[in-house]
Amino acid sequence: MKVLTFGEIMLRLSSQGYKKLFQNDLMETSFCGAEVNVAVSLSNFGIETFFLTKVPDTSIGHEAINTLKYFDVDTSKVIYGGDRLGLYYLEKGVSQRASKVIYDRKGSSFATMKSYEVNWDEVFTGIDWFHFSGINPALNVEINEICKMACSVAKEKGITISCDVNYRSALWTEMEAQRRMKALMSYVDVYIGNEEDAEKALGLKAKNSNIVNGQIEIDDYQEICEMIVDLYGCKYVAITLRESISASINNWSGILYSSKGKLCRSREYNIQIVDRVGSGDSFSAGVIYGLLNNYDIEDTIEFAAAASCLKHTQEGDFNRVSSHEVMALVEGNGSGRVIR
Amino acid sequence: MKVLTFGEIMLRLSSQGYKKLFQNDLMETSFCGAEVNVAVSLSNFGIETFFLTKVPDTSIGHEAINTLKYFDVDTSKVIYGGDRLGLYYLEKGVSQRASKVIYDRKGSSFATMKSYEVNWDEVFTGIDWFHFSGINPALNVEINEICKMACSVAKEKGITISCDVNYRSALWTEMEAQRRMKALMSYVDVYIGNEEDAEKALGLKAKNSNIVNGQIEIDDYQEICEMIVDLYGCKYVAITLRESISASINNWSGILYSSKGKLCRSREYNIQIVDRVGSGDSFSAGVIYGLLNNYDIEDTIEFAAAASCLKHTQEGDFNRVSSHEVMALVEGNGSGRVIR
Amino acid sequence: MKVLTFGEIMLRLSSQGYKKLFQNDLMETSFCGAEVNVAVSLSNFGIETFFLTKVPDTSIGHEAINTLKYFDVDTSKVIYGGDRLGLYYLEKGVSQRASKVIYDRKGSSFATMKSYEVNWDEVFTGIDWFHFSGINPALNVEINEICKMACSVAKEKGITISCDVNYRSALWTEMEAQRRMKALMSYVDVYIGNEEDAEKALGLKAKNSNIVNGQIEIDDYQEICEMIVDLYGCKYVAITLRESISASINNWSGILYSSKGKLCRSREYNIQIVDRVGSGDSFSAGVIYGLLNNYDIEDTIEFAAAASCLKHTQEGDFNRVSSHEVMALVEGNGSGRVIR
Amino acid sequence: MKVLTFGEIMLRLSSQGYKKLFQNDLMETSFCGAEVNVAVSLSNFGIETFFLTKVPDTSIGHEAINTLKYFDVDTSKVIYGGDRLGLYYLEKGVSQRASKVIYDRKGSSFATMKSYEVNWDEVFTGIDWFHFSGINPALNVEINEICKMACSVAKEKGITISCDVNYRSALWTEMEAQRRMKALMSYVDVYIGNEEDAEKALGLKAKNSNIVNGQIEIDDYQEICEMIVDLYGCKYVAITLRESISASINNWSGILYSSKGKLCRSREYNIQIVDRVGSGDSFSAGVIYGLLNNYDIEDTIEFAAAASCLKHTQEGDFNRVSSHEVMALVEGNGSGRVIR
Amino acid sequence: MKVLTFGEIMLRLSSQGYKKLFQNDLMETSFCGAEVNVAVSLSNFGIETFFLTKVPDTSIGHEAINTLKYFDVDTSKVIYGGDRLGLYYLEKGVSQRASKVIYDRKGSSFATMKSYEVNWDEVFTGIDWFHFSGINPALNVEINEICKMACSVAKEKGITISCDVNYRSALWTEMEAQRRMKALMSYVDVYIGNEEDAEKALGLKAKNSNIVNGQIEIDDYQEICEMIVDLYGCKYVAITLRESISASINNWSGILYSSKGKLCRSREYNIQIVDRVGSGDSFSAGVIYGLLNNYDIEDTIEFAAAASCLKHTQEGDFNRVSSHEVMALVEGNGSGRVIR
Amino acid sequence: MKVLTFGEIMLRLSSQGYKKLFQNDLMETSFCGAEVNVAVSLSNFGIETFFLTKVPDTSIGHEAINTLKYFDVDTSKVIYGGDRLGLYYLEKGVSQRASKVIYDRKGSSFATMKSYEVNWDEVFTGIDWFHFSGINPALNVEINEICKMACSVAKEKGITISCDVNYRSALWTEMEAQRRMKALMSYVDVYIGNEEDAEKALGLKAKNSNIVNGQIEIDDYQEICEMIVDLYGCKYVAITLRESISASINNWSGILYSSKGKLCRSREYNIQIVDRVGSGDSFSAGVIYGLLNNYDIEDTIEFAAAASCLKHTQEGDFNRVSSHEVMALVEGNGSGRVIR
């Protein structure tokens, strides 16, 4: 089974520990991006994974891509050119102080990609699953167009399509999001999102929902999942549930709904957070892994929730654990005894 | 509105992370001190702030002062001379292990300052608010005398005076503290202290108070506030309430009492601590900011509590957040969602 | 009073902070080992302590030993020779992600030691207490033999013998462990172990015990303690009780049982963990310290539990606190107020 | 005397020590830019200095500006707005391996500045000296236009104008450079450049010059200086002479020519380089400082050469030394004895 | 063209900067080994390169191998199993203080490899060039045997064989070396060594050679090259010439001799050393690259000398430069001007 | 043979690498002082060495002393008490930028020591050699007095006395120095100093000496040595000769003169400096070691020069090499070949 993800890879510059940005003169660097995070996690789970993006043909662009080779992601489809690698600054939050992300991604090689640069027919040869996130269409009209072309070709070729809605208010308004996302959703087999994405990016809302602290009733989620399946014909709907007690402590679980009408909720993890950026992406990878392996929805959502729980405990956007490490958490009790 | 704070600026040497002092061969350095912490925080809130101190005329002294310029603190009144910059060693505590502070401040330029070195009349030109803490009189008789002169001139000029009692058993006994502090209190408009300061530095105690873990009843605080207003004619009494669950987790809130008879208690924050040194000072800055802006006492104490809550989440003595960031916490829920 | 501990000293290589092994290109180094950890802690408590081991006669071996001199451990009995210093890689866990230990200790100078290399009669001259752990017999038949010789000579000389069972599934099976440990136990005056060690290394089990999360009833422990005393004639049985809420938060307490029939349980600490490796060893040192000083069993177990609580808050295997710092926790409330 | 410099401030990201870019996961950060480097150095010499630029109104932009306050540069004229702070990646060279600079400055707030955003008449009020470099006109037509407007207003107001040609082949071709620079040169009072700039940016060449290793004869320089004075009416021509023995060792000196016909060459320094980026800018600051203080040309060029020699020994683009430290080198022998 | 190298990959632990081993508590880690260094360098030059080794099937072993994927080295032939990854401690020398290497490689997965574990016929399918070094036969009889089998199969298949003699006195005596190396040399097409290797490992010596400071006359080298060609039938003999002025400064050049009777010496580089470990391996890679590309011997030796000159300027054993960067040095003057 | 040194131990705070003081927020810490440097070096050479000082009875003071135990220095005679540990800030120079030392040692425990605190008779029991430096008498009258008492008791007991003049203009004037040093010199058996010390601290000058760059003729030194022997009855005069080419490169050698009339000069080392602080002390240790071992003066001065050459290549004040490492340099050529 082969998965391809398509999106931007960026440089992340984060201050050390809990320092404020530029509080000292060192930044930790890593490469990341919604879809590349999914690719790396899937590859770490043992899935043959391809990543398609565009990066500048400089040592900066090449280093970004070499990093992926380290994780065995196939980068043979990467396009080189354009002006710059997008980047973002991260100041990690703690306790009552929220994490801050400052994007500097305008004019990046990826954001200025043109639709004629990808031959989707060729790209998709041999691919079984295609994944992207709502950050792509959020970037601009051209990238939105490329996503639509990709979906249309994938659909034709019988490739399963998953999309993590990933609504970012810094990138577009809810109105813009709804316009573009609704059009794309008709191609999507597996919908993935957080508690708020369905409302913000699709305008869907359960009657009594109250999303402060993620305290929505399970019935509300069932209602939203049904709407998504009814409106867009998705086969699965996966939703992350984050209860933010503080920037340091979150409760975390996931829901998976099958179009056959069943909804499962995973165990809930009380997490002491090391780095929560990329946790949604690690959840997507977990969902894809479970479904690719024909896990039933209980096992799939437990795998996805455990995978993303572990991501919260790791520095950087990437989920570096293997599927065995995820299974150990699924089957264990998360009590964190030393392994020796 | 212009604020002037007066006190010592010191070098802080702290071991990295949770290492014991000298466990490895690196120390993190920063500059700090009760009153300069207040000045930096107020300047970060957008208040025009001056800091008066004395530092050695060496690159060590100049670096300490340049650091303040970075925060837009006006340092034009600083006096250069004397032998050395005081310093302290900090070993950060965690869980059941308490933080340790070892002072090395004897003979510092500030501690050996003479009263004739300051022309308070000139210093206070155009100033609206004067702030100092009980660490000044604790240093020695001369500095105590300088504080009295400052208060007397400030009073004459109609400048509001705030004092953070800041009792430190390492610097003086309760008896000495009470002798000097009582004399100074008669000038003070805004009293600031923690749960224990009123007892230790002024000998004031509510009837049934039990300060272990800060579990004093609210009525007791009302009683103490009334005493302070009655005895010293203060217009406001502000008290921090810290419940130390461990060195890593504290509950934190504040009380503000107006001489008009009203007492308000802020929301309580459950804090995962990054660095608690300087949190009292950030509270003082919050109180001063609120009162300077004519906030009512509810808004003032909420601002001060939120400001000092955020200080706990930052490395170093300084509170680096803006007033907007404080307001975001006051108005939000402290759940620490990523800002992007 | 003089204590001698005997065992391996290893190099520990741990990734920085919560990084995965090799996530960046820096490792933190320290020297450690079950018995040397006990020796360092006892020396820090002010006990005259000797450590016997074998290390290679290279700068690596000598650095390991010099480190002990820093802590005033007497290293005059150390044997130099052999091929290499054993080492282990440590990846510190957090939240639901468990710590990982990867041993690389085969063929070490210690593991290849021969029984004729130690003259126990000489070694034990003037010694009052001998301590070792179950890691020694776990290494191989020869080291097991050396331990037996040591015990036999110590017994003859009236030296008190303590043994921390310290069962490690990575080193031997339960069957092997039981065979060797039972033979050694007949020499032991003070048995030390965690909740599971009695079962794994001695085959002893209370009737209704359920060791998940350490939630064994106190009666079960009484039962196990009695068995140990009955079977092996131990004078004291000390057991650590760890409730792993996560890799970051543990509840921690200890039990001490006297052959005179009394069982005491210490206060329980809710610990935010910095580094839990070596905490069992710091408990052993606490038990030995209490008994050497003729503390009664209540005071001994409170001292041991507080000592090992503090170890959890320190980086590295060694417990760097003094007996005064331990007593401050025993007598205080662990609320972690700043000491200045 | 007040100096204003105008140009871009950028973030510099450099790998640690002599690591290749991204060889590990840490980058050293600093803020810099040709004209801001000059401003910081002049301020460190005690000159009242203003810096005009445009940065984004984000914490990134504000941090860049706060850094300048630390050095007492007046930043009150800074414009906030636009999309991003330009940046560059630096890999420091050593021995035969050259340093590498990769620009990522397209679309920066400065580069997208519009001419109507600056009221030069206001900006220049009270200013005595205006400095900019050839990097400004290299950016684009609009910035070139802004420079021309600035020069024209400055000329009218009798402000001395200095320009460091600073030719960068990565930014424009020699043809483009010559077109724009020739037009600007007619305003310039003090020409500053390296050995090659006059040829590349102005098309001026001595008859027999051979620039490999900077081994041009002194007569050739005299010839070039005369041409510049004749063609553009400059009062002074300052040229840096760098003999690159390797990326680690350079010989460094400077030439200053007065329109009155005299040429002086400074002492030559054999430098073990710590960081050579910004050395040209520190030379410009030295020349400006000497001329502002009415030093004669011998003293001016010795000051400028010593100042920039010291810059080579410091990390970062900024020259952090005071004028006293420069004079100590001018008057001493550079033998580097410990000062205590 | 496909190259395969065969040898051990080890963990290198080096103290930071010029610190002595264990002077602080941090070690820099990297993976390396004579033959893997060659593989990485060739891959960086754009050659399709395979590396065959055996590493433990633990996260330590896998990380070592993943590092190679980052450099595009094909690791599909790697064997997993055995006990441990060999390692060495490195203390970098400077000035008159020599670098120190302490091996801890006994019992490694590679050193305990058995001849039946490799099917050389399969391994060599499609391979054009086989490279190994004298460190392999130095390890033990079995590895020597495996090398012989490899050579014999390679010879049969018409694969070019290169061997870097790489004599290490810590691993074997000159007598042992000569016994094993002479047997292997009969298979070797391209002999590579330093000034002393021919004497130490093959017993060959020119009449008047004096190897102190590498000051052998060029005629002596011609003589030795001729001997090697005569005795063993090699087609090419490549020798590195290092003149150690100090641990920080070396003169470096190379000699290449063709069996057709021509000897070329490269330009000599005066190098300020960052890290000299692995420089011989980078020279081997340069020689192989030149010959694979049918460069004539002048161009080949210039390429190899420049490549290894650049290695000296990089941290770690690996030569991270591309063939373009090497060519830039070959064609340039090594003056280290900034590239921007 | 037992040596005792007496002096101050201080904390050294140095900026990282070649950063200016406070350029970033990290300082490297180490403990040091003229006489403790000698003690550590002698202990590393295998001499039984005692160090007498006074440090505060805080964790700062105890850590300083524990560091010495690591090096096997006997610290049983150390006195605990007083206010503070003296310290100094170090900014390491490079190339033309000189190192800067800023003392903060006033009021230290050592500097405020009283003569009645030492019972020299007891202290000197079993001691064969006593060493101190001119920094002691420079501190104040009381310490000068203590030194005199020490010398007088030592003399009586037949203990050899060595003194490193160590003139520091930051501590006293030449006039003060000459007054106190001349009085002490009458006790001294082994005079140690640099090129300038004899003139500055004793007023002795050869007729035609020109000390810039240490370029004094050998005859001048002979003349000075003779004067010292004649005036003070010293048995040996040892002088270091430093030619400062820059802060990074020095030529270094030593002279030893015997009262029997012979003068030897060591080999001269051209050193690439890592850290030159403490090099004079390492020379003293080398001289003492040679004379204690009855080396002749040629061997002694070669040993001392080589020892102090190696000190220049190490971070921190301490010379960490063994006598074997020194001998390897004496007997080798300093070419810095890798040892493996």
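A, B, C, D, E and F label the chains in the order they appear, each numbered from 1.
Note that in this section a residue touches a chain if its C-beta (ideal position, glycine included) is under 8 Å from a C-beta of that chain, and two chains touch if they have at least 3 such contacts.
Since the model is a prediction, treat every value here as computed from it, not as a measurement.
Novice: Between E-F and B-E, which chain pair is linked by the larger number of C-beta contacts?
Specialist: E-F
Novice: Distance from the CA centroid of chain A to that of chain B, rounded to the nearest Å?
Specialist: Inter-chain centre distance comes to 44 Å.
Novice: With chain centres taken as the means of their Cα atoms, state the distance from chain A to chain F in Å.
Specialist: 63
Novice: Name the residues of chain C that each touch 2 or more other chains.
Specialist: 17, 23, 25-26, 67, 100, 102
Novice: Draw the chains as dots and join the ones that touch; what shape do you get: line, ring, star, complete or other?
Specialist: complete
Novice: Taking the complex as given, what residues does chain E use to touch chain B?
Specialist: That would be residues 23-26 of chain E.
Novice: Could you please specify the touching residues of chain D with respect to chain B in the complex?
Specialist: 66-67, 69-72
Novice: Could you please specify the touching residues of chain C with respect to chain E in the complex?
Specialist: The touching residues are 13, 21-22, 25-30, 58-60, 63, 67, 83-85, 89, 100, 102, 104, 106-107.
Novice: Once bound in the complex, which stretches of chain C touch chain B?
Specialist: Against chain B, the touching part of chain C is residues 17, 269-274, 306, 309-310, 312-316, 320-321, 329, 333-340.
Novice: Mind listing the chain C positions that touch chain A in their complex?
Specialist: 17-20, 23, 93-103, 168-170, 212-213, 244-249, 276-277
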